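In what comes next, subunit A is part of two complexes: it sits with subunit B in the first one and with subunit C in the second one.
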Partner chain A sequence: MEQLLQHLVNAIILGSTYALLGIGLTFIFGIMRVVNFAHGELYTFGAYMVYLFSVILGVNFLLAIAIAIVLGVLLGAAIEYTLLRKLRGADVDTTMLVMIGAWIIMQNGEQLIWSGVAKSIPTPFPEEPLSLGLVSVAWSRVFVFVVAIALIILAQTIIQRTRLGKAMRATFQDRDTAALMGININVIYLATFALGSGLASAAGALLGPIFIVMPTMGNLAVLKAFAIVILGGLGNMKGAAIGGFVLALVEEFGAGYVSSGYRDAMGFLLIILVLMVKPTGLFARSERIG
Partner chain B sequence: MKAFNSTLAAFALVLAASSASADPIKIGINQPLTGSVAASGNFITDGAKLAAEAINANGGVLGEQIELVVEDNKSNPSEAAAAAEKLITRDEVSAMVGAWGSSFTLAVMPKLEEYGVPMVVETASSSKVTSAGNPWVFRISATSEMEAKAFSPMVGQIGVKKADFLVVNNDWGLGASAEFKKMLEASGVATGMVETMDPAAQDVSAQLAKIKSSDADTLFVTTGFEQLSLVLKQAKAQGLDRRIITTGGSQFPDRLVEQLGSAAEGSLHILFFAPWFPDAAANPEVAKRYIDAWNGKGYDASGLSDGFRGYDAVTALAAAIEKAGAPDREAIRKALWEIDVKGVNGNIKFEKAGVEGSESGQNLPNVYVVQIKDGKLSLPNL
Partner chain C sequence: MLEVENIECRYGKANVLHKVSVDVKQGELVTLIGANGAGKSSTLRAISGLLPPVSGRISFLGEDITNASPRRILEMGIAHCPEGRRIFPFMTVEENLEIGAYRRNDRKQIADDMDGVYHRFPVLGERRGQAAGTLSGGEQQMLAIGRALMSRPKLVIFDEPSLGLAPNNVQKTFDYIMEINRQGTTVLMVEQNAYAALEMCDRSFLLESGQIALHGRGEDLIRDQHVRRAYLGDEG
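Take a look at the complex of A and B:
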């Protein structure tokens, strides 16, 4: 019972960060249809920015996380402006190859700047864990959970309740008609990519201090983000959020009760199973990408 | 075509002749400079450079200078094999040091046989490295079996009654859990679960939640520093209340104290060099010389407990090259059997191990145990 509850708590906290990663990629891959392999590098970027501001420059920890998220948004905007804008008419494969190039360049850049040796970021939270009866959980993880849930709600609100969100949905349903209705397509593309990038950077900024920060940390993160988006159904925010939690539950309980050696494989096994039964993912509209 | 071939052959001969004459003696260093175990790999490379500098300052070997050619194996077995191939064929090194860890070393070993190049293995604990019948392998580090055996007298004194294992899911971790399990059971200690974690895994809370449910009083952890710091941090967060003993030699206990504070308190660490206590080393004068050189360079002091392996590996190779009389790969291999030099860990001398007729070399290194107590490092009384 105790073990079961501990696994459940661990999975919910891990799931919140997976959901954040998944929602970020949903903007970019699910809605914009950019197969963005550099998404994991935005995650890494967020973590290193917290390291830079909090550890090297001595800025307040919470402020450092906020700065990292803002810089992630700006980096996303810069990538859209310099790389993707020129590729808007290009097919999915071309864009994907460019983003793979961006991924490799960014990862090597991180290695050059920060060296390959892992960095650790101290958090201001108490070392003693929060004890909830039978289970206990680190305060730093409680913080991550709260911020992640807040960001998920924020992203959901932006896309569903704001004019910008409405314009985004319109643009990616039918670009030409949206443009004829007076929507500035360039701004929408920029904003969507920047928002998705900002969420990836946020996930890295939140998880960096819990884990350790190294240039290759984004590799597994980007794989999992794609898995979550596909699991939840392309372009579905709610699906991505639920997909994130499902993946965390499967990993956690798979590792706890089946085999810890296959922990990361469990999630991908689940995705294969889901795609065999429901090729469009758990919650997708019935459309597919070409 | 035939003319082209002979031109090519002549060209190759000229190249070979020119590279053989006045060049320094090249030793290849195959280490993880980036990736999941990069901290350790960089320190070992620094240690190797210190040894080469010391040897060169004393006139080098056979009147030539030693040149280290360093390649990054990116903490990845297939990259390790590629790096070895590059060092052998392009840089034409006379011998190699490598490749940090059993999985990387095992991946490199077929290349040693293919090209006939001796390699001093500075880090690797799986018994497979020396039992494979590869005569080009000379290991200075301890196997997990030797490490477990050296630790066995402490088991009773510490009062271990039942132990679980959390190990990195590769040849190193699995080998360590198997050998320590065998040793503990032979000493009458019960053993429980063996949990594994992917080498790149950052979240091990699922494994720890499972371990928390066991009734053992001790947890043996085998992995590199990066993952170990995560294990200790997350164990503390989940309120895992038991004795933690780490194995492997790349734990940087002083850094654990600094980065983790109370999460590292009480943990015991099995090491191959304890730079905080140089007088306890087998060759205190060599240990002090090494520590002074390291500090003189301003290197990170926490790397001392790893860097010595690079230092000892190059020291051993230099002695073998001197004895061989020429930087010839086969001659160096033969000479490695004859050396007996003073290293930081102790005397380096290779015993025959593995398949008869094509034995690998195995050194018998010393083992030290360090405990984190009241936020400080101490030598528990043995």
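Take a look at the complex of A and C:
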């Protein structure tokens, strides 16, 4: 029982960051029809920025995370502006190849700048874990969970309530008609890619201090993000959020009760099963942003 | 008010419009008629900036808008109510109207205009919080028209407003468009129902294979032999 509860708590915490990753990716795909293979590199970028500001420059840990998220947003905007804007109207395959190129370039750039040696980021949280009756959780993980959930709610609020968010949803549902309503599609695409990238960067900034930071950390992250998006149904944000938690649960329980060596395989096994039974994803009944 | 002069448009390599010229004067209700694929929708898309012409010129209120963005053209005062209604199905009725007023900043007047739409179509008011995709076809058409009016246009372009509607809704839609026109908004409309289009308009243009074949007053075209045979089903 204790073990079960502990796995459950771990899964919920991990799931919150998976949801963050998946939402960013599905959001970009939903609105722009861009399969963003560089998503994992923004995750890596976020982690390295926390390392840079917190460890090397000695900035306050919380501030370093905030800076990493903001820089992730800016990097996303820069990628959209320099690469994707020129590919407007190109087919999905072309942008996919370009994003694979961006992935390779960014990862090798990280290797060049930071070397392949893994870095660790100390957190300012107490060593003593938070004890919740039968289970205990490290404070650093509680922090990750709280921030991740806050960011998911923030992203949801932007999309549902703000003028920009409404314009994003309109663009997602019907691009030509949105343009007829006076919506500047270029601005919407820029904001979409920046926001999605910011969420990926946030996930990296949050998980970097918990795990270790290295140039290839984005590879597994991007694969998992795709798995989450497929689980939730392409372009479905609620689906991606739920998909993130489902993936974390499967991984956590698979590792706990079956074999910890197969932790990462569990998730992909689940994807294969989902694709065999319901190829449109678990929540693709009404494809929508929001 | 609106002058379209000798425009040519292409989709890829295919020429869809060959030197099309159309003009609309302030306060008029002008229709474009013709068979499927004659270039009616393309003409409208060229005017609203979705399909910039490769040659020719379009001007509105004396200003050249040939290569202007859809946003700029909307700001100049042209609203486009697209074929098939194209409401945003997963957004609420109210959000659809808000998007219609996207380029405006005058909150107070936007709220007044929205109330105006709800007053004219109480059913939209009752369903303002409902996803627009759940409305009936007729209600969606009313929403699409209301949304186009939310930008306070000087000229409204309607593309096949009767398409896919039940007969009683078709009449309601035409009545509403004539009402908008009487209240001072200029109208340019594409309509497959040639008889209705010729009856309600001031002037009409007939498009055939991407060219203007005829134009004139509605009452004159309705008596034209060629129009009667080809578009009004007159056997004689």
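By our rule, the second predicted complex is superposed on the first by the 283 of 290 C-alpha atoms of A that agree within 3 Å, B and C clash if a C-alpha of one lies under 4 Å from a C-alpha of the other, contacts with A are read in each partner's own complex, and residues count from 1 in each chain.
Quick note on the criterion: a residue touches a chain if its C-beta (ideal position, glycine included) is under 8 Å from a C-beta of that chain, and two chains touch if they have at least 3 such contacts.
Since the model is a prediction, treat every value here as computed from it, not as a measurement.
S.K.: Once subunit A from each complex is brought into register, does subunit C clash with subunit B or fit beside it?
M.R.: Overlaying the two complexes on subunit A (C-alpha atoms) leaves subunit C and subunit B fitting together cleanly.
S.K.: With both complexes superposed on chain A, which partner does A:K166 reach: first (subunit B), second (subunit C), both or neither?
M.R.: Only subunit C; A:K166 stays clear of subunit B.
S.K.: For A:D174 in the superposed arrangement: first (subunit B), second (subunit C), both or neither?
M.R.: second
S.K.: A:S131 contacts which: subunit B (first), subunit C (second), both, neither?
M.R.: A:S131 contacts subunit B only, not subunit C.
S.K.: Using the touch definition from the top, say if A:R141 reaches subunit B (first), subunit C (second), both or neither.
M.R.: The first partner, subunit B, only.
S.K.: Answer with first, second, both or neither: which of subunit B and subunit C does A:G109 touch in the superposed model?
M.R.: In the superposition, A:G109 touches no partner, neither subunit B nor subunit C.
S.K.: Give me the angle at the C-alpha centre of subunit A between the C-alpha centres of subunit B and subunit C, rounded to the nearest 10 degrees.
M.R.: After superposition on chain A, the angle is 150 degrees.
S.K.: Applying the touch criterion given at the start, work out whether A:N184 contacts subunit B, subunit C, both or neither, answering first, second, both or neither.
M.R.: In the superposed model, A:N184 contacts subunit C only, not subunit B.
S.K.: Comparing subunit B against subunit C, which has contacts with more of the residues in subunit A?
M.R.: The larger set of subunit A residues in touch belongs to B.
S.K.: Once the two complexes are aligned on their shared chain, state how close subunit B comes to subunit C by Cα atoms, in whole Å.
M.R.: 38
S.K.: Enumerate the residues of subunit A that count as touching subunit B in its complex and touching subunit C in the other.
M.R.: In the superposed arrangement, which is not itself an observed complex, subunit A uses no residue for both subunit B and subunit C.
S.K.: Considering the complex alone, what residue numbers of subunit B touch subunit A?
M.R.: 32-36, 38-39, 42, 72, 74, 169, 195-198, 200-203, 205-207, 209-210, 212-213, 226, 229-230, 233-234, 236-239, 259, 261-263
S.K.: Would you tell me which residues of subunit C are touching subunit A in their complex?
M.R.: Touch list, subunit C to subunit A: 48-50, 69-71, 74-75, 79-80, 82, 86, 88-91, 95, 98-100, 102-103, 147, 151.
S.K.: Which of the residues in subunit A end up touching subunit C in this complex?
M.R.: My answer: residues 163, 166-167, 169-170, 173-174, 176-184, 286, 288-290.
S.K.: Which subunit A residues qualify as touching subunit B in the complex?
M.R.: 2-3, 6-7, 10, 14, 111, 115-118, 120, 122, 127, 129, 131, 135-138, 140-141, 207, 211-212, 214-217, 219-220, 251-253, 255-257, 260-261, 263-264
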